[in-house]
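Structures given as structure tokens follow.
Two complexes are shown next, each including chain A; its partner changes from chain B in the first to chain C in the second.
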Partner chain A sequence: MATITMARDTAEQVNTADVRRARRKQNLTGWLFISPIVVGVVAFQFFPILVSIAASLTDWNGISAPKFVGLKNFTEMFGDDPLFLQTFKNTVYFTLASIPLTIGIGLVLALLCARPIKGVAFFRTAYFAPYVTNVVAIGFVWFWFFQPDNGVINGLLSQLGISGPQWLSSSSWAMPAVIMVSVWQGIGYPMIILLAGLQGLPNEFFESAKIDGAGAWQRLRFITLPLLTPHFLFLLITQFISSFQVFGLIYVMTKGGPGHATSVYIYNIYQNAFSYGKVGYASAMAWILFVVIAAVTFLQWKLQKRWVFYS
Partner chain B sequence: MRIVGKSSQYVVMSLFAVAFLAPLVWMISASLRPEAKVLSSPPKFLPTDTQWSNYGEVFDLIPVFLWNSVKLAGLNVIGILIVASMAGYAFARLRFAGRDIAFMVLLATSIIPGIAYLIPQYIVFQHIGWVDTQYPLWVPKVLTPVFATFLMRQSFLTIPNELEDAGKIDGASTFGIYWRIMLPQTKPALAAIGVFTFLESWNDLFGPLIYITSENLQTLPVALAQFQGEYFTKISLLMAGATISVVPVIAVFLFAQRYFIQGITMTGMKG
Partner chain C sequence: MQHNSLAQLSDLSRRRFLAGLTGLAAAGAMAGCGGNGNAGGGGGKSLTFLNWEQVKGNPLEQAIQSFEKESGTKVTIQPAVTQEYDTKMRTLIAGGSPPDVMRINDDFVRGFSQQGALLDLKPYIDKDKLDTSQFAKETFDFPQQPDGSHTAWVLGYEPRLIFYNVDLFKAAGVPLPPTTWSAQDWTWSDFEEKAKKLTDPAKKQYGALVYLDTGYEQTFTVNHGSQTGIFSKDGTQFTLPDGKESEALQWATDLTCKDKVQPPWSALQQDSIQNQMFAQGKIAMMFATFGTVPYMRQTIKDFTWDVAPPPGDVEQKTESSVIVFCIPKKAKNPDAAWDLLKYLAGEEGGKILLQGGAFTPINLKAAADLAPNGKAPEHIGLFAEAAKHLTATNQTKNTIGARELYRPALDTAYNCEKPVADVLQGVKSQVENALKG
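Let's turn to the complex of A and B:
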């Protein structure tokens, strides 16, 4: 397209001064159109990124002058900050538990919703509703659901003759409880992505497999799932990035407690920066998080050759 | 994919639907109960002794928070649509020096997650006196819609040249062509981005939480989270407040479902 317009320009050119003036005007117009976003990205992303890298090398409370300390923040993190390791582990726990559950149940729901069946729009909306609901409302409802004595969960469990745990006030059950809520809220997203994937699958594969006598399970295992692997890769990457940065549910449901049982990495950064005034340290923590996310994403991308199937 | 029969499929789907909707139904039903009957054993999911007065009480507490949420969502949606569509149009349809490099740099910068530079950004805002104002909740967002720009660019690229040429022959200015001829062609993309931006702004917890300290500037979700106990002394009131924070989202979702899902699949699988 560009070459065609360019050729047209050349044919029309009368003299070079006019062309130059027209080109200058073109450049100016283009840059005027993109100027808001260019100014925004430079001022609100590029510049803070540079400051952040610098801040990670300082002892700084955000108010008085920063003191350069080199890599001390980083050595402190890995050397003598037990909370750093604990919140990192909590985040890994959260991520490893929630990703397979959200994608797995999301797949089941997508398969169910992909079949032409009456009322499917209602079901799709129902499964999706928690995803658009705000995390504060969700956190509150589940907070009350998980109350040990008069909460809904233990109420239902007691109907089955089970006496439920203390949930949010138990250091071993608080994290599973938060993970359950997060999965419940997040399933809508993989469901929609996989549903879109399922609807885009070529029919011929299934027709010929049926003729060859492949059963439903075999078709799922050997045709549907391999064809969906690009979608699974996409979900793995995006879900990893978002669950590694979980914050809202933790803030509303447990505030990181009991003890530090549900304190996740971002919550730790948030406290360091905004409660303890350790801005330099929090910046360094944020960059470690960035490196981990970038490394895992890169690894997932590299490993795709082994299992992602492009038809 | 016929592993299970139709009726068992309905049973499974309904069980899931109950699991997904029950907490939301409980929230609404708790918001309609007298405080003493909110928690009960065995738990109740349908309203008993329905009373609407909780909503009256909550509405007296929250008008300012509700207005702040509406205002910020409005500013974000309108601002992002304007900035992203202008930039998307330029990147897709205009020729100018440095265009492709600028586009690559914008995309590259957006790869770094916000949390990595959130704290310096906060300090910068502190220096220019923006902390405890609402500017940090919309100005930086409106001016950095990189992904929306990318989507708008894709959308503008699909429009045939003839329309634009007709505008040029009629002597319309570049802005006139963008605004009157090209922009109306991208309605589906605009709608998808608008719905997304609304949801994101309306549900944002982190931004208002760190930037706003004055009560009268706070948004609804943070007000609910922070002032429980002080304002929302009863669970029934808290649930009424939570319901009010969810209703606009469900309404937007029902109206714009098509665009929303389109937006998700669009943002999802254009790898």
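Let's turn to the complex of A and C:
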């Protein structure tokens, strides 16, 4: 009996060792498969991040050797650089205006496109198309549309007897014009997310509400919107991050002008790094941006308990 | 059984994976070999060349081909970059593998030299005992640095003159501007009066366009009596907000805001719009560089156009852009690069470049051939004479940084929202801070 037990134990031990060896091999194979990605992430993400931290503490023009200056870049940013504050304000303006409009219009379109009507697929595609169109192409086309003398927008306004503004060359109208284009381009994304959300809502809530006599507005107000709050949270976070990093449209349409009316934070970083050769300063600005985005995202995540409902 | 199969599968996958990885590495290495380095081939000398304009089909290409034939050196012209050339150039230099010869914005020469990015050509000039008297002195001296180094190479210069539409003048019965460098009947008030007579709002036709070409900042301030123009001589002070300078810029701005004889700033935000408007007969007089001549020659078929000196006030000078190339310090073939620059600045190279009509070659003998040759403008020789009437912006450590601050700010003045003096005073301290480098 003892012999039989020992033999079984030994067989089990051998068996276990084989399984471990096989697992080790399997793990090794797995690591080898993902190693290109890991190497890529380390080389092209972690390493540049470390370099940018180091660069933010230096006076570096990208050509000659960097000179360590401690926190000088950060103190200069808050003390001696009026453009830092102005571009930050412009970014906040862009973000606060574009996010509600993008998500709001995206919601309306999602509600319309969720209806089972003929040809709805065409509209879904049409609304989503600008989102996947190249931002440079969009910027150029709208640049022409906004031309004060021979642009499409002012041409249409003049048909209505309205003398259109100078748009991109007016310090008060340039940013609203860019926001309009950004919203036009961006509404497809929240529309698709919210449409997916709408299609996944449980039908029984609506049937019960109908039986209880709730009208369409009440069903939207008290059932649809609360059930979509996780989607709104996701959109708020992602839209905030992308709005704070807006660059392409500004670069193509206004180059930050007129004056610095549309100069946003990322554009300021770009100019410091590549136009002025202030790579150290631009790195410091990038880290401030990272901290702001991380803090606001963390805040949004924490505050979700107060308004997000998970059914 | 199961773990055996797993082990076999693992072995197989790993082998395949490693084989694939080796293949990828080999392919990458081959791609790397093919993608970098000089494309000279044949074991001869070679070099790479980068310009911000298309070289193909231009006299520059002919001049380079002529150099290749003469020297046996293969020149690989890298693709032209029209947008954000400065960014690409800075990135190439910072990356450590720049082309052997590259065009450089004249505003960058001082700063890049101080950063040690450009090769000093003085030892080459001395070694070859180059006769520098063959070059236009003011422009040849442009790349000389305070420490005596010569960090860039000027191939030519583009003075600015007034381009005008002869037919519009005749139709309005307005006397033509002078055909020599003379301010007689050609003062600022004469210019303004003519511009008013040449403006026709019904046809959206404007009498003048001065403030779009940024060379007007230096030209018109100096002509109004400024001793320094935009920056002080030592490059540390921003003098554009001072009295005479602000007055000059305000005068040009008022052509729009008060006189309504110049297109509004908002109508000028498209690339090259001024050339298009002039070619369409929408602008009667335009302050522009020599570089616009080829476009005008090619485009204008239905009216006569000519050039005149800028109107005189206290002075009658003009700023000239310089066509500057450099050899980065990290260039792989500096000797061959020097040979090319030397050839392009020589008489033979200069004569080929002159055919383009875009700039005056730095070589005096080549520049002497500048003539209309049956093409407009009839008084093209005024560009050559401009060499005796030049004003140049004083160099600073960070001209580009300063310009990125004050030029956008001037939009407010050009949009007639604020006086020029207020705008410039508002950014003076920021600009001077930027000038520290």
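We take it that the second predicted complex is superposed on the first by the 285 of 311 C-alpha atoms of A that agree within 3 Å, B and C clash if a C-alpha of one lies under 4 Å from a C-alpha of the other, contacts with A are read in each partner's own complex, and residues count from 1 in each chain.
The criterion applied here is as follows: contacts are C-beta pairs under 8 Å (C-beta built on N, C-alpha and C of every residue); 3 or more make two chains touch, one makes a residue touch a chain.
Since we're looking at a predicted model, the values are computed, not measured.
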Touched partner set for A:F78, first chain B, second chain C, both or neither: neither
Touched partner set for A:F222, first chain B, second chain C, both or neither: neither
Partner chain in contact with A:G62 - chain B first, chain C second, else both or neither: both
Contacts of A:F309 with chain B and chain C, given as first, second, both or neither: neither
Contact breadth on chain A, by residue count: chain C or chain B: B
Which superposed partner A:F274 touches (first chain B, second chain C, both, neither): both
Touching partner for A:F140 - first (chain B), second (chain C), both, neither: first
First, second, both or neither for A:Q26, with chain B first and chain C second: both
Touching partner for A:Y127 - first (chain B), second (chain C), both, neither: first
Touched partner set for A:F290, first chain B, second chain C, both or neither: first
Footprint overlap on chain A, where chain B in one structure and chain C in the other make contact: 26, 28-29, 33, 36, 62, 147, 274, 279
Residue numbers on chain A that touch chain B, as the complex places them: 1-2, 5, 26-31, 33-34, 36-41, 43-49, 51-52, 55, 62, 109, 111-115, 117, 122-123, 125-130, 132-142, 144-145, 147, 150-152, 155-156, 158-159, 184, 187, 189, 192-193, 196-197, 216-217, 219-220, 224, 230-231, 234, 238, 241, 245, 247-248, 251-252, 266, 269-270, 273-274, 279, 282-283, 286-287, 289-290, 293
Contact set on chain A toward chain C in their complex: 15, 18-19, 21-22, 25-26, 28-29, 32-33, 36, 61-64, 80, 82-83, 143, 147-149, 166-171, 256-260, 263, 271, 274-277, 279
In the complex with chain A, residue positions of chain C that touch it: 3-4, 6-7, 10-11, 13-14, 17-18, 21, 84, 86-87, 90-91, 93-94, 111-112, 115-117, 204, 264-267, 269-270, 398, 400-401, 404-405, 408-409, 411-412, 415, 417, 430, 433-434
Contact footprint of chain A on chain B as seen in their complex: 1-3, 6, 9-10, 12-13, 16-17, 19-21, 23-24, 26-27, 30, 38-43, 83-84, 86-87, 89-91, 94-99, 102, 105-106, 109-110, 112-113, 115-124, 126, 139-140, 142-146, 149, 161, 174, 178, 199, 202-203, 205-206, 209-210, 221-222, 224-225, 228, 235, 238-239, 242-243, 245-246, 249-250, 253-254, 257, 260-261, 264-265, 268-269, 271
